[in-house]
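Next come two complexes, and both contain chain A; in the first it sits with chain B, in the second with chain C.
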Partner chain A sequence: MTDGKPAHNPSLAWREIDGSVVIISPADSMVHELNSTAGFIWKHTDGKRAAEEIASLLTAEFDVSAESALLDTLELLAVLEENGLVMFSPVMEGMRNG
Partner chain B sequence: MASTPVMDGLIQRTVSLHLPFNVHFDVTYRCNERCVHCYLDHEDHGEMTTEEIKGVLDQLAEAGTFFLTFSGGEIFLRKDLFELLQYARRLHFDVCLKTNAILIDRQKAALLRELGVRQIQISIYSADADVHDAITKVRGSFGRSMEAIRLLKACGLRVKIACPLMKQNLMAYRTVLALAEELEVPYILDLTITPKMDGDTSLLALRNSGHDLLPVLQDPVLNPSAHGNQEAVKAGGITGSATSSGLESSAYDDIPCSAAHNSCYISPYGDVYPCVQMPVPTGNLRRQRFADIWYGSPQMQRVRAVRESHLPICANCSIRPYCERCPGLAQMEGGDLLGAYERACELAELNARLAGVANPVSAFHKKRNLAVTVGAASPFQILGTPLEASQ
Partner chain C sequence: MQLPISIGHVQLTLHFRGGGLFDKADKRYAEFRQPRAEGLPVFLEPPGATGLASSQFSFALDGATLHLDSAAARFRGGRHEYALDSLIRILLSVMLLPRHGFLLHAASVVRDGCAHIFTGRSGAGKSTIASLSPPGSVLTDEISLLRCHRSGWHAHGTPFWGEFRAAGLNRRFPVAGIYVLVQASENHVEPLSPREGLRAILPNVLFFSSNKPMTEELLRVMAEAAETIPFYRLHFRRDSSFWRIIAA
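Entry: the complex of A and B
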C-alpha cells in the first residue's frame, strides 16, 4: 500500500553517517543501511509529502528521469513499509485524486 | 549488539573518520542504592540542567552520534529523565538505558516503550535476594528490580541483565544465568571491578583472584576459549564489560579499544572523557563545544593516536589474543595508558592456559621476572604455575 503520505515509523532510530542513512528498529534491533539515493528518499519521507513529490525532488537532485525516479521511490517505499520502517497515512476518500 | 557486516562496515567507517558514533552519558551520579563495588561519588556536585543536556544532545546529533546510553548513578532519580529521553528520541538517537530499575513502574515502562528506547540494562547480582540486597545495601531491591524486569518485558521492551562478579556473588553467576534463561533475556557477566573514579583502589579488594575465577573461566557456556574456539573468543563470549557498548568489530583490531576513536563518555558535570573507565579529562561541555573537544583536545588526540603496535610491552606479548587489556585500567592500575597491568596479564595467562597454550606467560611477566632473576640459569622456570598446581 503506497497511497497516502509516507512517514517514518516513529519508534526508529536513524542517523546519516558518511553519506549513508543508518536505521535501527528497537523492536528487533535490526540495522538497515540506505545508500545515498535511498537515503535522500528517506530524508524527504516526512508524512507531509506524497511519493510523487519525493520523486520530483529526486529528479531535481539526481540525474534521473521523472519516470524512473517515481518507480524507484515507490519501490523503495514499498520495501521500507514491508520492513516496518515507513507507514502510510490513510488517504481520505475524495482526496485521492484531488 | 552482535556484529553484522552492515554494523562492521559502519564501525570501520566511524573509526576511520573519527565519528563519535557511540556515547555513554551519565546524567547523574546520585543513586538510590549503595553498591559495595561502585566507583562513583554519589554526591551531586552540580549536574547539568535539563537545558544544558538538551544542548549537548543537539551537539552530539550534529557530530554524528547514533548510539546513546543514558546511565548513572540511577537515571530515574532525574525528574526530567523522560523529557530528556523524549528530546533524544526526537533527535533520532538509538537510546539504551542502564539502571537498577527499582523506580520503574507500569506507567514508566509503558512510556519507555512509547518513546522507542531500544534496551534497558539492569544490574542483577544474584537470584538470591539476600545476596543481591547485600551488595546494593537496599533491602527489597532484588524484588523491585525483578518486578521492573517483568513489567518492561510485558511492555515488549528488550531487557539485558548485567552481573558484575565480585567476592560477594561469584558463585551466584549460575543462578543469574538460570534467571536470565527463565526470563528469556540476554545477560553479561562482568569480571571487572574498577578503582573509584578518584583513583581510590580500595574496591579492588572485592575482586576475585584468578584462582577463584577458574570455575567461571572454565565454564564452557561462558568461556569458549576453554575449548580453544578462537572465533568465539574473538566474538567476546558472554563475559565482558557491563560498561561497554558491546559493539564488536574488526575495526578495533589495530587499536586498543573504541575510546576516542568512535566513542566517548560524558559525566553529569559535562566533563568529556575517552571512556568511563579512562580518567583522562579532555574538556568540559559547559565551556567548550563537543566538536572542539572531540576533534581538538590534545588528550583526546593522544588517546586516538595509540595503536596496538605502540604498546611497548603488550605489542609483543604472545598471549595478547587471550587478553582483555583495558587502556583505562592500564592507566588507573598500572599508571600508564600504554602499559601492561597485573590483572590483565593474570587473566590472559589463565585464559590462554585454559585454551591449551602450554605454560603461557605474558610479556609483562617475562620482563618483570627477567628483572628479578638476573643471573639465574633459567629464569623462565619460575614462571607459569601449571593449572593443576594452582587448584
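Entry: the complex of A and C
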C-alpha cells in the first residue's frame, strides 16, 4: 500500500552516521542500515511529501531518470513499509475518488 | 549497611538490608570501593516492596527488577550476587549514556599506556586474548566500559569478568583502538570505516531499553565513538603473536 504520504514509524530512532542512515527499532533492537540513495529517500520521507515528490528530489540529487527514480522510491518505500519502518497516511476517500 | 562504589567514574551507594549479600558484594567490588557515600543511592529490597510511584527506567530479570529515577535506584527481589551484578550492569548501561559512555562485550588490555579493546560474539576469543596478555594488563576480559572524556575516549576497568571472578583494575586508559575478533590461521589486521566499525560493535553493546529517547541517545554516543575511535578487524592466531601486528 503506497498511496498517501509516507512517514517514519514514530517509534524508531535513527541517525546518519558516516554517510549511512542507521535505524534502530527500540521495541525489538533490530538495526537497519540504508545506503546513500535509500538514506536520501528516508531523510525526505516526512509525512508531507508523496512518493512522486521524493522521487523528483532523487532525480535532482542523483544521476537517474525520473522513471527510474520513481520506481526505486516506490520499491524502497514498499520494503520499508513491509518492515514496519514507514507508514502511509490514509488517503481521504473524497480525494481518492476525485 | 552501605557500600559506596565507583565504576567508570559513575558513583553508586549500595544499601543492603542484610549482611550476607553485603559481604559478597564487598569482596567482589573491593577494587571499586569508595571512601565516601556520594553516589546515587541504590536500595536492595525484598520482592514486592513498594514505595516508588513511577520510574524513568525499569527492567525485569529472572524475578528481580530494577527501577531508576533521578533520585535513586531500587533493586527488588535480587536474591544473590549474580543478580546484583547483572542489575548493576543494566543500571550502568543507562547511567553511562548521558555521560558519553557505554558498556561493550569486550576485553580491554593495556599496552604502552593505551587500552586495546577486543570485541566479538561469545566464543570469538575475548577470554583467550585476555589470557594471552601479561598479568596486570587486563582491565576486563568480559565487559568493557568506554567513556568519552575531555581528553578523548578512555577504557575504564570494570568488575565484570567472565566466570564471576573478582578482579579488575579501577583505572582508565586512553583507547588506542577497537578490534573485532576473528580467529584465523594467520595474524592480519584490517582497518574498518566508522560505518563498518559501528555495524560490527552494535550487536555487542549492552543496552536494555525499548525507550525511543534512550535509543536515540545510544545512537548519538555510538556515532561519536565510531567517528573518533579507530576500528579494525583482527584476524588472529590463538597465541600472543598478534601483538606484533597491533604494536606495529
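In this section, the second predicted complex is superposed on the first by the 94 of 98 C-alpha atoms of A that agree within 3 Å, B and C clash if a C-alpha of one lies under 4 Å from a C-alpha of the other, contacts with A are read in each partner's own complex, and residues count from 1 in each chain.
FYI, a contact is a pair of C-beta atoms (placed from the backbone, for glycine too) under 8 Å apart; a residue touches a chain by one contact, two chains touch by 3 or more.
Treat the numbers as computed from the prediction; the structure is a model and nothing was measured.
In this overlay on chain A, chain B clashes with chain C.
Judged by the touch definition given at the top, the superposed model places A:31 against both chain B and chain C. Contacts of A:22 after superposition on the shared chain: both chain B and chain C are touched.
When both complexes are overlaid on chain A, the residue A:14 reaches chain B and chain C alike. Residues 11-15, 17-18, 22, 24, 26-27, 29, 31, 33 of chain A are contacted both by chain B in one complex and by chain C in the other. Interface of chain A with chain B (complex): residues 10-18, 22, 24, 26-27, 29, 31-33. Across the interface of their complex, chain A is touched by residues 1, 4, 6-7, 9-10, 13-14, 17, 19, 21, 61, 64-66, 89, 92-95, 116-119, 156, 158 of chain B. Those residues of chain A whose C-beta lies close enough to touch chain C in the complex are 11-15, 17-20, 22, 24, 26-27, 29, 31, 33. The touching residues of chain C, when paired with chain A in their complex, are 193-195, 198-199, 202-203, 207, 209-212, 214-216, 218-220, 222-223, 226-227.
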